[in-house]
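Below are structures written as structure tokens.
Two complexes, one shared chain (chain A), two partners (chain B, chain C).
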Partner chain A sequence: MRILDALNVHYRDLNKIVKELINSGESEIILKNVHGQRYIGAGAKGNHKLIIEGIPGNDMAAYMDGLTISIKGNAQDAVGNTMNSGRIIVYGNAGDIVGYAMRGGEIFILGDVGYRVGIHMKEYEDKKPVIVIGGKAGDFLGEYMAGGIIIILGLNTSDAEDSIGNFCGIGMHGGTIYVRKHVNINKLGKEVIAVEASMEDICIIAGYVKKFSHFFNIDFHSVMKEKFIKLYAHDSRPYGKLYAY
Partner chain B sequence: MLTRKSEMLLHEGEIRIPSGCAISGIINKKGKSFSGEDIIKSISLMHERSNGLGGGFAAYGIYPEYKDLYAFHIFYDDFNAKNITEQFLNEFFHIKACDKLPTRKVPGIADAPIIWRYFAKPKEGKIMDLQLNEDDYVMWCVMKINSEIKGAFIISSGKNMGVFKAVGYPEDVAEFYMLDKYKGYCWTAHGRFPTNTPGWWGGAHPFNLLDWTIVHNGEISSYDTNRKYIEMFGYKCTLQTDTEAITYIFDLLVRRHGLPVDIVVSVIASPFWYQIERMDYRLRALMKAIRIVYGSLLVNGPFSIILGFKDGFVALNDRLKLRSLVAAKKGDFVYVASEESAIKIICSQPDTTWYPKGGEPVIAVLDNSDLIGQKAWLFKNIIDMSINKDIFDNDGIYGNIKVTGKIAVNGGISKDFNKEFNKDLDNDMPEDIELLAEVESL
Partner chain C sequence: MSAAYLTPEYIIERNKERCTNCQICVKQCSFGAHSFLKEEKIVVSDDAKCVNCHRCIVYCPKRALVIKKNPLEFRENANWTDKAIKEIYKQAETGGILLCGMGNDRPYPIYWDHILINASQVTNPSIDPLREPMELKTFLGRKPDKLKIQNGKLMEDLPPQLELEMPVMFSAMSFGSISYNACEALAMAATQLGIMYNTGEGGFHKNLRKYGKNTIVQVASGRFGVDIDYLLAGAAIEIKIGQGAKPGIGGHLPGEKVGPEVSATRMIPLGTDALSPAPHHDIYSIEDLRQLIYSLKEATDYQKPVLVKIAAVHNIAAICSGIARAGADIIVIDGFRGGTGAAPLRIRDNVGIPVEFALAAVDSRLRSEGIRNQISLVCGGSIRNSADIIKAIALGADAVYIGSSALIAMGCHMCQMCYTGKCNWGIATQNPDLAKRLNPKVASTKLVNLLTAWANEMKEMLGGMGINAIESLRGNRLMLRGIGLNDRELNILGIKAAGE
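Presenting the complex of A and B:
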């Protein structure tokens, strides 16, 4: 295990050191006093563990392939941008475009997230990206979503409050969004169909909620006792006809 | 930044500079002054968001000894421009004090213009001649100098405040102007990453008119529509960039048209029509009226801005939130910045941190601000409390507020009232509904 103090270290220097440690086979790296350094863990490969204390900068874990990153605090924009595999656990909130064009791996966030989370997520065969959000999401959740799973738990929201923002799933043509408790259909894009989650869906959700409960020490049963709404696209090629002739 | 076409500039396609400015703002709501060190630290942390082609700061409360005089900061290309401008200033103002703006030599800052500072009082007789009020008179003079005197640019023209800007990274700009030596109660800052224009000193942010300043991250696709509208009211867009238009929009709507800041926010980042259709009938009527009257002032395109003025600041995102903005509060301080880390570096444990939605303003003003009177206008003229809460719910930035003013009833009847609201509007709901009922029954 290696502990690094990131205070006043430029992101290029910090990421160079992290990369060297990963290449040398260091299995666990702890970064303390992180203040907005960008691209941490970007493009990193392997089974290494990275623990970040502070606020990592934008594009954390972009193109990441395999690492497990825990953030003891809030994260900024574009967490897991085009991530390929691995796991990110945020013990706080995250900003806009979490999981932008994500292709695989898992992101768990205890708190709220910003706008355009899961924009253009995609899946292929066994590659199925997943984002689980404990709090609520901003507008444009799952915009142009093409694959993968987003689960919104809305744990800190009241019954009157929506856990999704406006334009949810707008342009969606694949993948699934599960929302706990309720969904205001005025907030959905017109490409989206909302139904109550089936038993099969609940089994899928339960698998991820189990992990979520474990990471954040939250009671699994109290999360699962509420119903879930499933959102999916009514057409996998909504614009096919538009461009056909 | 979007620019007007000019042959001296490289056109789009000839130059490619990726976008991503940085903005930051701090206020002490009690009006207590603090040095520029915090804002410098905050904006410098976001170094990667700028590219060294512009940085700047606005500072409020820095000239208490001259607080009743207009403080002009002026860039001159040469001494000829300075002579002509000073002749003009002497004709229209009593110059009570002036000096070369103190600067240091800094490696990162080159090609500085000649920078002077004047503390001036408008000549009464001239104001009478032109039949303008004092602020309009100063605005007229600023527009005249900026558009007609070649090589002279007034970059700052408010009272007890100043704008400091240059081509360079913000931390170098701060060093150049020695901002660690100034003390103010409200600061905003900008690190520039110009998208379509090569940077120049006048084009750095903040943009200013009177005590309004704007720092802006984004670009305005509605620039020409907005510009054409405000030009009808005597504003001249001379600085080759879209951001100055927002400064003039606020001056026009708040100072000259007397609209509350909250309403102005609904003009420039108005709700969508489909949202308006779902509003309470009174708010719907108001929003429709706003969109019809001020449709030309809707600011389109991605932006996050901080509007500074003597009472504090308003931070705002475009309604689709295409730029980032984070806010936090600690005691009497309110912070906003493009990135959360830029707040945490100067305030490690805020009381609250939040992420404003698109079109949802962060309004942080001095506790003794007049704005409260403006809010009273809103409270009474239009809407009921539940809607108010919707619009103004920004984590209780207002704190406890005293509302005094007139209640418009109908048919020109009005009534004075005086009331204190708790920051948690919910607690006040029953009383306010009563108040409203009382008004309606008159």
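Presenting the complex of A and C:
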């Protein structure tokens, strides 16, 4: 295990050291006093563990392939941008476009997330990306979504409050969004169908909620006792009939 | 095309005396224009299905076929042309957005053809490239403001550079829009010529990764096929913001073209539509572009130059200043004549500006801001021959991208039906029976021949100007004169009129 103090270290220097440690086979790295340094773990490969104390900057874990990153704080924009595999656990809130074009791996966020989260997520063969959000999401959640799973738990929202923003799932043509408690259908994109989650869906959700409960020390049963709404695209080819051939 | 009011665009004439009903034309036409009548034992043609791609004509052993433009004309009308009327019929029938393939074919002025190149006479000697050294080697990438040298040695690492044997590269054409064989031909030729091929947003097929040293990998808004191995597999990374044929819009690869190989290379499920959104949703500003550029540089340890490709649009000079300041190493400007596998017709024919103006405006702007050295400029959007390249370089380009020219070298006959996926020449298709018509080795040889010829022509033109290195022509607008251009156009191009 290696502990690094990131205070006043430029992102380029910080990331270089982290990469060198990863390449030298260091299995666990703790970064203390992180204050917005960008691109931490970008392009990193392997089974290493990274623990970030503070607030990592934009594009954390971009193109990442395999690492487990825990953030003891909030995260900024574009967490897990085009991520291929691995796991990210945020003990706080995260900003916009979490998991943009993410192809694999898991992202767990205790709190709320910003706009366009899970945009253009896609799946391929054994890769199925998953984002679990404890709080609520901003507008355009799952925009252009082509695969994978997003779960919104809305733990800190009241029964009257929506846990999704406007235009949820707009342009969606694959994948699934599960929303706990209730969904305001006026907030959904026109491509989206909302149904109550089946037993099969609940099994899938429970698997991820179990992990979520474990990471954030939240009671699994109290989360699962509410109903879940499943959102999916009614057409895998929303633009198939747009053109004259 | 079943639209009731549409009449055939072409007429197929079959010379009955020559035709032996051998059915080669039937087998060659993927559009079904020829068919064999079993009872009568004769081959007949349906004019309505012909796209005038010349495949049957070239392959007819008896030279029995001729295709002509259908002389059937509407009543003469300068406003309601044949084209305008037929487009309305087609849309009235289908309710669809009109699609097209290849570049803008409208009769806008071609400014390359209004620019003339200089040559030496008496006062300075021309150079004979056949006997004297002539340098076409080009390095693309950010050049430092100054070099630190100590004891005759460079004291710092230079920013990464792309080394090209000639200032030409194959522009982005994805596996999906073109066949695997076409991709391989481009990659093989680029390797042999010491230039670059570009994957487009189609991923980088595993079998082609051996050509990585001569490959630019593209990152576009859909991020298809992008992972860390992909980013590391090429010599440089291109962020695609826009494309000359369809500025401001994204791309839709229809599920029919996503077969097993395309699916594996793009890393998307079989048969699904591959939708590339119009914008990158992590880029809403120059600052955001900088973020993507540096995320790519961080992920690849600053070893690869990053290109940013944009379509030539109205405010291009200011945009390129921003891109240079965002940290890109190379800017690619794609003019409004740039080709495409599929684009909405109205966008292709009406959006964007000519690359000649865009290039001159950008080069002037970057020079006036004192940042031209920070960035290399590549232009594309219909470079048709070696003279276009010489003119582009004298206007300020470091190198050019060719797409359509390369496809024509491989056998494209410009029928503009790429979007149908039925390319009879095996280029713009994923149909295995059609794709195998293109032999990568043969096509690669043709590409190498074309660019070898162009290199020799460029050397001759350089020699004629008394210049022995392409470097000395770069931005050397005194070597150009305009013909048939007004003052404003000459001013934007930064060149004098012929005779001045």
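One rule holds in what follows: the second predicted complex is superposed on the first by the 244 of 245 C-alpha atoms of A that agree within 3 Å, B and C clash if a C-alpha of one lies under 4 Å from a C-alpha of the other, contacts with A are read in each partner's own complex, and residues count from 1 in each chain.
Here is the rule we use: a residue touches a chain if its C-beta (ideal position, glycine included) is under 8 Å from a C-beta of that chain, and two chains touch if they have at least 3 such contacts.
Note that this is a predicted model, so its numbers are computed, not measured.
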item: First (chain B), second (chain C), both or neither touched by A:K72; value: neither
item: Contacts of A:K211 with chain B and chain C, given as first, second, both or neither; value: neither
item: First (chain B), second (chain C), both or neither touched by A:R38; value: both
item: First (chain B), second (chain C), both or neither touched by A:N93; value: first
item: Partner chain in contact with A:G165 - chain B first, chain C second, else both or neither; value: first
item: Partner touching more residues of chain A, whether chain B or chain C; value: C
item: Touched partner set for A:K181, first chain B, second chain C, both or neither; value: neither
item: Which superposed partner A:S236 touches (first chain B, second chain C, both, neither); value: second
item: Which of chain B and chain C A:N58 touches, first, second, both or neither; value: both
item: Doubly contacted residues of chain A, that is, touched by chain B and again by chain C; value: 11, 38, 58, 77
item: Chain B contact footprint on chain A (complex, rising order); value: 11, 35-36, 38, 54-55, 57-58, 74, 76-77, 93, 95-96, 112, 114-115, 138-140, 165-166, 186
item: Contact footprint of chain A on chain C as seen in their complex; value: 90-91, 93-99, 221-223, 226-229, 231, 252, 254-255, 263, 267-269, 272-273, 275, 277, 281-282, 291-292, 294-295, 298-301, 344, 419-420
item: Residues on chain A engaged by chain C in the complex (per definition of touch); value: 11-12, 15, 19, 38-39, 42-43, 45, 58-59, 62-65, 77-78, 81-82, 84, 97, 100-101, 103, 116, 119-120, 122-124, 127, 143-144, 146-147, 171, 173-174, 236-245
item: Touching residues on chain B, where the partner in the complex is chain A; value: 45-46, 48, 275, 278, 320-321, 324, 326, 339-342, 344-345, 353, 355, 357-358
